[in-house]
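Each structure below is given as structure tokens.
There are two complexes below, and they share chain A, which is joined by chain B in the first and by chain C in the second.
Up next is the complex of A and B:
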């Protein structure tokens, strides 16, 4: 078979995969501090994309829209933490799974009614005219997605390493009880992690929208793959998500080319179930010791 | 007792008869359709409640099992030409097998990972149903006609009665199962998987069985669903339906057949309630009123946090205001579900039926279920022969965590009928040693022999089955179970009735015997009066004693008590000493890990002292206490200066 087509598939799939990795990275942020994740994260991606589109429509310039969208995502993240997660964590229950699903449903329904059920185009100043690199078509838009993904991940990592709040974040991730004894508020740190996670989700929404268009269901397939990436790599795997995201993205576009586009979602789902069966802590995750 | 039985069974029979009589009284195809759907969803939700309520896991695959069961039945009729009974059996089997298969990988997981596994499974099954067009006709949908039942063709009314009959059978079977050791085991593994294994109950088999069973009911409901609608489409069984099903179970009330039924009513009627604007406003106003009233009550009693009070009120207020602002409430269906679910999850964790059941029990003065008469302790824990033969032998036992040698070559011998003390400073490896013996950790090296036989390594469950039982330093009780159930679930040698007979209700006799034996153990530890209290509501001291009673229910060859006196008040320590003496008197071998020196010297026949993962002294307590190595390990330095009394030849108290 034609190597060039395969290479094309792999490259464009991998670019999509970097967005899965970004959303999965958002799961890692909250999992690190609280061992919980937002099951409605896909709705955060979608709502932030709609909000950013509205900003553009009312005349906000593109480069100002980006921070606006990110702030909106962070605010939603904080809301999810307050309404859906904090109480369950205090009660040491897993109620947050159900509550974040519920909040996602509320967000979905609101978007359907506020912005309508149709998919809308998302204007961008970045060109989508293909460039030819070694016989592979690649658009500046696609490149911008990859750059955006790594830029925001780099910024968050910088925040975690260089600021006092970020160090508190690392401390709570390493040992919540010890951190509390040192005077770090775990509740506040978990709040920050949800805010950051929301911001990362918003970034994913802004990056992917020009390619996929914006609609209430834009993130429902996306989020399943982000789950798959997070679990296959391991919820505490650090940058393992990037590698797994890129691999999954490539695998997916090959599957849809060779097996049929309807089967596009299958590799991620199968990988997720397999990973859970074989390595519940993920390929790059650390095994935990059971304690009594 | 009779009153309780009459009320509980009476309510069930009245409900069944009333439902069965409706088609005779009202001739309305629409109502008949709703009732049929009600029976189908009732079965589906009872199945979902097994995982969500009893196993305590968020299960997002039940809608998929409904779909798989429906397609299995549909294909069995269209391609194989089977009758209804055979097709329904196939639906049930498909649910059972696929549920069991999914449970295997999901076994090792809990919480979010389990939810994700089920979520992926349902997305995957939708993909397969959509894309395997040669079999399922994909998105076009599958049409079928209702087959005959044992040669009889069936009209809508007959089919409704069939569905109702199925619901009644499922109801009865599940009542038998969930009231038996199986139901207790499901709840036990939800509250503490580690203790479930350590008590020889087995997390593995019960989790798989529970999930497979719930999924089988999903498959059966799917088969009925197929014959009800006679047209199937993959997109009917997606995530949206799943959320509605969760709404039904949670709102109706977890761990309750009535709750599942109420949830089914709600799901069936909800579309009608939402399309009528007046009715919707009435319901949302009632919801707001309820949230406010419950909030005020909780606030006065200070039983809830501000968030638990305010959040449902805000959600319900949103519903009322939204209802007034929005033209077409149907469009906001999902948001309405979300707000209702949110209020219930936060404000009414037991669901509507849980609340109603509590209220009715109080109003009608329903007496609690009677407990069987207490058995004699001698029949439960017969006095053994204490021949001081070698019972447990550790040879050069090692356990390393990375570079940390927590246990670094321990050899010791425990003799039958003795209380063997295991002491040492913090971090000396005592707890790790018993964790290796009891199977929580596999040893890194060395050997453990019980009665000359090698103990299985690294499996709490297998070691428990060999007759080793233990308590935990950090309590591992089954919090939501009663004290009685905590002991009953661990009881050994009573539950012999095979599962099919339990389902048919033949497990009651052994249930009585189990109660009698468990009561004897509760009496031994002084908790007979608290038998009906939930373990999490007991005082700390009582919880420690309950763990000992539960460990004794294993009728152990070797009992390991891991710091039983930790955190106990002084009077409780005296009770504990008396209790361990009573256990000793029955010649049960005990390994006692303890910090309290007085407890150790009073109870132990032999003491082994550990430090740094190694044995530094062994012998009778008084000897060991004087050992300079032991004093050094505990106090850090050997006193260089000889005290004047010692120089005078008087004895220095060692501790």
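Up next is the complex of A and C:
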């Protein structure tokens, strides 16, 4: 019984953790190329979820809604890059921090005005009746979240390794100046990274909406966790983000079971403090050499 | 263009002031958006239905003049800080006769002090948390302008514990949300279990936050302790997450909890997993009396719905307006203090949709909060979620209410 409970807690926690990881992965994508992140990433998750829900409501079938939602997310990502990041980066200023926050707030109020402030259920053809696997209860819906998370991350990684544009992406991440000398347009690559990041956010929105319902504040708790994951793992490593996300999710469940449900948020915060104190570049981050 | 705009503005200002002279201004405040919105909007719409009825009948006769009721709506979004701002605004509003509303206990705690300070009469409905009235008895306030028109959590917790004992449960888990409402509900439950002879063993006391969707750890702790029922205090979306978590973890045990288990966003988001949930109700959306029938039909027609999002809130909002209007009539004044005095000693019974209210409130006594509480446990019944609707859990209650109304 006891082992079963632990296994159940780890599995449920890890599933939530994989969503944290997916959102954190969105941070990581843009940080790799441009050393900037979108602080309004949570609003991208929420806006894409609302857009996908609208698609479903006007009668678009589920399988067609998914690419529609992803495209919308990518478009939003591009918009954030153009409106909030590009100019700041050209001027080598930190203005993108404030600008992405402002764009996020703008997105939040737009969502409130367009779709209202209520939480709405998100219909899905995937069943939420529990299956029993080795004594663990898990719903097909939760399995679909895990599959979705790994599928989209796998695809993005494949894109980075196998296509020309992806290789440019890697080159800019490794050394922006050198890449530009080789004739790679850093601006274009950063654009691509923001588009991908928006798409990843949309995927996260579509995946979790059936579980969390859709509302303007749906991502506000998730985004904090995702941020903790990104910082703890380090913003350089896609693999690290996944691992830390899953560990954090499982740790949260276990803590709330063994210590008490009031302590659920504690492990994430403790990890964050520890990481900042011991490894400021993240557990999987590369140490940067600062030239003076 | 500019000129017309200016003219319209001036005209409307003139019209507003002319209107204010022969109208009685009542503020309706509550969450019209967010997780508590089904309660807030139903309360508002129920109250507005009553206002429309009173105005259609010519208004309230004060002296030789017939005065109409005018509603001022304020959305507090269910947030404590926003609620405090709304209360401050209302406290300093010119010519306000009273306030009806507030869904969230936290808002009653953060906002009502501003109204009490200025002596503005307020009828709290449907916020049920005990603390919203006990805060005044604890402070030893001598003269209170805050009344409550809702089955407070003390009554509700007693019914919930009673129901669990009646169902022959011995082990229960208490789940509550981390708001003022949830925490004070937990205290009431523990208190009631003691009062009713410690027949229930609490095997787990678990907290969850607003916005939590994964309740696995809380439920597994309940399961590990061998809980036979979940006693729960929270609001719609999280209650639904608990119901869905129970189903997922293969736990076939009932949820018994505060009246919030009747909220539409619980019923909709939990779907079939919500069936069988039990909760105290002051009003069930079933036309068992002619009065109830005309109220339900009136609501459906006025707001174009087939189901009231929160029938309890709507009925309480409706009856609260009638009680307030009766006080205005008795006071023969739109003055908020005179209305308060009249409320404390209503001479005429008020015929409402929930019951006929005979002397619902009396002179405030800090040692006894029931002086400003309208509901007793006899006004409350057990409701049960069944197939997307709330129905009577016990047929006996249905018959009792029918008879009650016939009298």
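In this text, the second predicted complex is superposed on the first by the 285 of 292 C-alpha atoms of A that agree within 3 Å, B and C clash if a C-alpha of one lies under 4 Å from a C-alpha of the other, contacts with A are read in each partner's own complex, and residues count from 1 in each chain.
As a working rule, a residue touches a chain if its C-beta (ideal position, glycine included) is under 8 Å from a C-beta of that chain, and two chains touch if they have at least 3 such contacts.
What you see is a predicted model, and the numbers here were worked out from it, not measured in a lab.
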| item | value |
| --- | --- |
| Which superposed partner A:178 touches (first chain B, second chain C, both, neither) | neither |
| First (chain B), second (chain C), both or neither touched by A:39 | first |
| Chain B versus chain C as contact partner of A:273, first or second or both or neither | first |
| Which superposed partner A:97 touches (first chain B, second chain C, both, neither) | first |
| Touched partner set for A:113, first chain B, second chain C, both or neither | first |
| Chain A residues touched by each partner, larger count belonging to chain B or chain C | B |
| Which of chain B and chain C A:257 touches, first, second, both or neither | second |
| Chain B and chain C contact sites that coincide on chain A, given as residue numbers | 112, 220, 260, 262 |
| Touching residues on chain C, where the partner in the complex is chain A | 33-35, 37, 77, 178, 206-209, 211, 213-214, 216-218, 220-221, 224, 237, 244, 247-250, 265, 268-269 |
| Interfacial residue positions of chain B with respect to chain A in the complex | 56, 58, 102, 104-106, 108-113, 115-117, 119-121, 123-124, 127, 130-131, 194, 239, 243, 246, 250, 305, 307-308, 311, 326, 331-339, 341-342, 345-346, 401, 435, 440, 472-474, 476 |
| Complex contact set, residues of chain A against chain C | 1, 5, 8-9, 12-13, 16, 112, 116-119, 121, 128-130, 132, 137, 139, 211-213, 217, 220-221, 253-254, 256-257, 260-262, 264 |
| Residue ranges of chain A touching chain B (in the complex, touch as defined) | 36-37, 39, 83, 86-87, 90, 94-95, 97-99, 101-103, 105-106, 108-110, 112-113, 220, 224, 227-228, 231, 260, 262-263, 265-266, 268-270, 272-274, 276-278, 280, 289-290, 292 |
